[in-house]
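Paired with chain B in one complex and with chain C in the other, chain A is shared by the two complexes that follow.
Moving on, here comes the complex of A and B:
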């Protein structure tokens, strides 16, 4: 243990602790901006400066190691003056439209300003960073005028996700964070995962907001506006509206959507189950007929674009299944609309997703036919929360409702799609029972749960030992893909999710950290445990769809509606 | 003019840099041979006894730096020669590398032997492209002659050197930004700790020395640490290469014993201001050095004496201004430089330099107020206290030192207001 003194109070910390850790132990608050609990220390914003006796300058508390006998002052006149001066420099180069900002009320710069009670007139001319917003991406908006150049987004994009879409451009006062060579985000290798949005302390990176598009259709009486809700949304929407992380609000969410005016509220858990039927069939087919192995899941659009960009040579490993959103879109336009005697164009299909990359997936021409797209708009959890708020709905006080038929039934297997390892576990539950004809003794595959970056398991399915792996976060995906490329991966089946933690860690959720993620993941598995139906192949609604419409999993119509193909996008790296 | 004492400049003009034979005929690479014979421990002791400091500006004791890297465990270690001589008004490293590239290579190999590194990089200033082939030729010749490469002098010590071109940024003279740049990344300083001696180039223990420092090392090995330490004037140790620039009759690069006074350098060596002009002030140590007035120049040039006199030792740059110059214009010019060269990583330097520049311009325009002087002072203090690396910590120095030493220049300008 190391003993040191902060503001006259003695504190003991472990080797490796920083002055910030030590101060927090004493409940002394030090403002931070570039510091993020889930990232490496950057020490570049310099707002957390403290005074250490015997040192000429001030030191950043977030980075300076606690050492035996240090005497630290966190609120001396020198520290207060320095912090105000730094904050003033940031203010003078930060746009002041807080009241219209997506992060209003949820902004780290606002928070520390409130805590530091900075109230003097700025001594410098107001300046604006960058040359206006980058609206080129369907997923993410960059507003450089709000950027404080903390580098958290670059860490998320380059270190955690290894996408390398964002970099620091220019120098000094003109520093801007943008794709390399001043390109637009849409011209960069950005996969739209939104982890940069999650990492941004201010409103410089935000989810592309499509609310107006949806409001307009909700008000249009000639259109039937339907909505599908992804598994993770019920886990994080309450949190987005101010409740605790991990509060599950499925029934209230359905009620809120109905009050907003959606004609039907469908459960994407349904197509998650459908995905398992299709993907499981594809896996069995590949295992028994010498197809390309390992087969890799294709639910996560950020991951798909990553693979198309960085590993186009390995595209045959991807399952040809559309994502659950994509399958749902096709069913709504091709199966549901005719049942209402409507043309596909008369049904406006919205999906609510934890995911910013789904906005890009929506626009893929493969996900549509005859000149129309299957999904007309994608809202993230953040946008839906804003709509609920905007409509004056008191979410906490809402009664519960059920999803609508014919796509209202989902299993626990569909439910766990929201967490890393969930698709794998759901697939194993069904593949095992379909292949062996036996009931699983224990349907919980704990080896593929949790936040370990890459997880492995081997499951004996009849006579076939199936070795599986699960990766979440694209940095971990890259490790597995490199192994496959080098011929060193002996897996048969791999689940990859672009976002760390899986969909509950998706870019469209409320701003996260790993502590919140623990609560969200627990909520996912608790929900599964409480459901009477926990296996996809036992979903009667899915069975009925096959009987009445699709025929067999992997059959002709399935292939037409539920499967897709991929595009080499390695040009984006040039 | 006082006689120079040439150690770093020992072979300048004495051999053709194209000819390793000529270099060897002067005793070149004998220091390396002796170093390998005397062993790591004795070698570091000699360098420590020499009181050799880093001459790139930071003045860290070289022996101490080497002993830390030598003691740090690591499969791979590196020697990096900082040849990113970006300090405005400093040309000493260019002069050394142009005239005597082999002494630099010899110094690097000796450093490599001292710390247990087998690989060296010369990070060459982007604006010195003419030196690239000179250094590459010298490396190639040294390899062929058996002074670089595997198992030197039949020992198990191997050492080789590669020249890499700098990225063209002033901040890459900062050692960790330099390392980032060699690694192919944007040249931005790292947070220290860890220091390069523990985790430097590619995460390996790395010793980074300036060209001048390394060029002196072979002489120390040949003649002993005490010999070098005894050269200085009075209680001062060793020599320093000074670059005399600005309004002087004899501008140029000169090597003198440490302890020579600034007045001697300006008047005896530099020959004073040309055309009978009066000396107004001097900036010592480089662009981020203190600017002092004419009445402050009677002190010996060494690190501590400079600090005590309110000046800067730095890279040994002496930039002289005569009475035709406007101090505020000089400050504005320096701030334009720092504004351009700030990498943008940390807030105080990224934002602060531009704000200082705007305030100085406001004052020079005649729109300045007394409050602006307070703001300058206040912001400079924050930049000094809070910046991540030496660039932002030191860039306010010209402002602070002129506020102190040339306050009337500011007051007069503010008082005059819009009137010319």
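Moving on, here comes the complex of A and C:
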């Protein structure tokens, strides 16, 4: 243990702790901006400067190691003066439209400004960074005029996701965050995962907002506006509306959507179960008939675009199954609309997702037919929370209601799609029982749960030992893909989710860190445990759909509506 | 100001050969860029960065960040000769501004621009360590000091006649 003194108080910390860690132990608040609890230290914003006795200059608390006997001052006149000066310089580069900003009330710069009570007249004229907003991506908006050049987005994009879409260009006052050579995001290898949005302390990177499109249709009496809700949304929507992380609000969420005016509220857990039926069938088929192995899950659109861009040679490994959103879209237009005697174009199909990449997936022409797309708009949890707020709905006080038939029933297996390892576990629950005809003694596959980057397990399915792997975060996916490319991976089945932690860590959720993620993951598995139905193949609504309409899993109509194909996008790297 | 000086003349196989020599040494990016820039019209165009990235595995985003961080590199086409005018205080107080103005007026370009014939690019730079004989400029890799507006223009003329290199 190291003993040091901060503001006259003694504190003991472990080797490797920083002055910031030590101060927090004493409940002394030091403002931070470039510091992120889940990232490496950058120490470039300098707002956390403190004074160390015997040193001529101030030091950044986030980077300076605690040492035996140090005497630190976190609020001396020099420190206060320096921090105000630094804040003033940041303001000189930061546009002042806080009242219209998507991060209003949830902005780290706003928070530290409040805490530091800066009230001096600004001495510097506003200088705008960059060349205006980049609205080219369907998933993410960049507003360089709000960027404080903290580098947190670069870390998320390059180090965690290894997508390398964002670059830090130029230097000093002219620093700009953008794709290389000043290109637009849509021309870069960006996969739309939104981890940069999650990392941004301010409003420089934000979710592309499609609210107006949906409001317009909700007010259009000629359209039937229906909505599907992804598994992770019920885990994070309450958090987005100010409740604690991990508060599950399924019933209230359905009520809120009905109050907003959606004609039907469907549960994407239903098509998660359908995905398991199709993907499980595909896996059994590949295992027994010598198909391309390992087979890799295809639910995560950020992952799909990553594979199309960086590993086009390995596309045959991807399951041909559409994502649950994609499957649902096809069912709404082809199955649901005709049953209301409506044309597919008369039904406006919205999905609420934890995911920014789903907005890109929506626009894939493969997910549609005869000149229309299956999904008409994708809202993220953040946007839905804004709509609920806008409509004056007191979310906390809402009564609960149920999802609508015929797509209102989902199993626990569908529910756990929201966490890393969930699709794998759901698939194993069903594949095991379908292949062996025996009931699983323990349906909880704990080896594939948790936040370890790459998880492995071997499951004996009848006579076949199935070796599986689960990766979340594209940096981890890259490691597995390199192994496959080198012929060193002996897995049969791999689950990959683009976002760290899976969908509950998706870019469209409220701003996260790993501490919040623990609560969200626990909520996912608690929800599964409480559901009466926990295996996809026992979902009677899914069975009925096959009996009445689709035929067999992997059958002709299934292939037409529920499966897809992929595109080589390696040109984005050229 | 013109933009085509580089693209047309860039020899992609030459760029690939340079990058290939440092294939397993991604920490040698500085060398790679210096060599490529010297044979690539004084700039690293995107096509070159893409080739470097595909051969060395260094992400293009990082290469571009590197190029734009260092003043000696450029991601935009530049002229054959680069004139760098010191903008530090010692040069400033002995008349650097007038020297800069004279060069700019003579060539018909402002700092950051390239002459239409693709011969000269005018840039500002930080102190080049010749304060004792200020005002100073650099042309390509050589420094010239003790300049007046007239001697500076004569110097440029000698480059135009191909006398100095």
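One rule holds for everything that comes next: the second predicted complex is superposed on the first by the 574 of 574 C-alpha atoms of A that agree within 3 Å, B and C clash if a C-alpha of one lies under 4 Å from a C-alpha of the other, contacts with A are read in each partner's own complex, and residues count from 1 in each chain.
Following the convention adopted for this analysis, a contact is a pair of C-beta atoms (placed from the backbone, for glycine too) under 8 Å apart; a residue touches a chain by one contact, two chains touch by 3 or more.
Source: prediction; values computed, not measured.
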Notebook entry, point to check: After superposition on the shared chain, which partner residues are touched by A:6: those of chain B (first), chain C (second), both, or neither?
Noted result: neither
Next item on the list: Using the touch definition from the top, say if A:149 reaches chain B (first), chain C (second), both or neither.
Entry: first
Notebook entry, point to check: More residues of chain A are touched by which partner: chain B or chain C?
Noted result: B
Checklist line | Contacts of A:168 with chain B and chain C, given as first, second, both or neither | finding: both
Next item on the list: Please work out whether A:90 is in contact with chain B alone, chain C alone, both, or neither, and reply first, second, both or neither.
Entry: first
Note to self: Taking the superposition on A as described, I'd like to know which of chain B and chain C A:330 touches: first, second, both or neither.
What the structure shows: neither
Notebook entry, point to check: What is the shared patch of chain A, the residues that chain B and chain C both contact?
Noted result: 167-168, 170-171
Notebook entry, point to check: For chain A, which residues count as touching chain C in their complex?
Noted result: 157-158, 164-171, 179-181, 573-574
Next item on the list: Spell out the residues on chain B that touch chain A in their complex, using ranges where they run on.
Entry: 169, 186, 188, 191, 193, 339-355, 358, 371, 375, 378-379, 381-382, 384-388, 393
Checklist line | chain A residues within the chain B interface of the complex | finding: 41-47, 49, 57-58, 60, 63, 65, 78, 81-82, 85-86, 89-90, 92-93, 123-125, 148-149, 151, 167-168, 170-175
Next item on the list: Quick one: which bits of chain C touch chain A in the complex? Just the residue numbers, please.
Entry: 46, 49-50, 53-54, 59-65, 68-69, 75
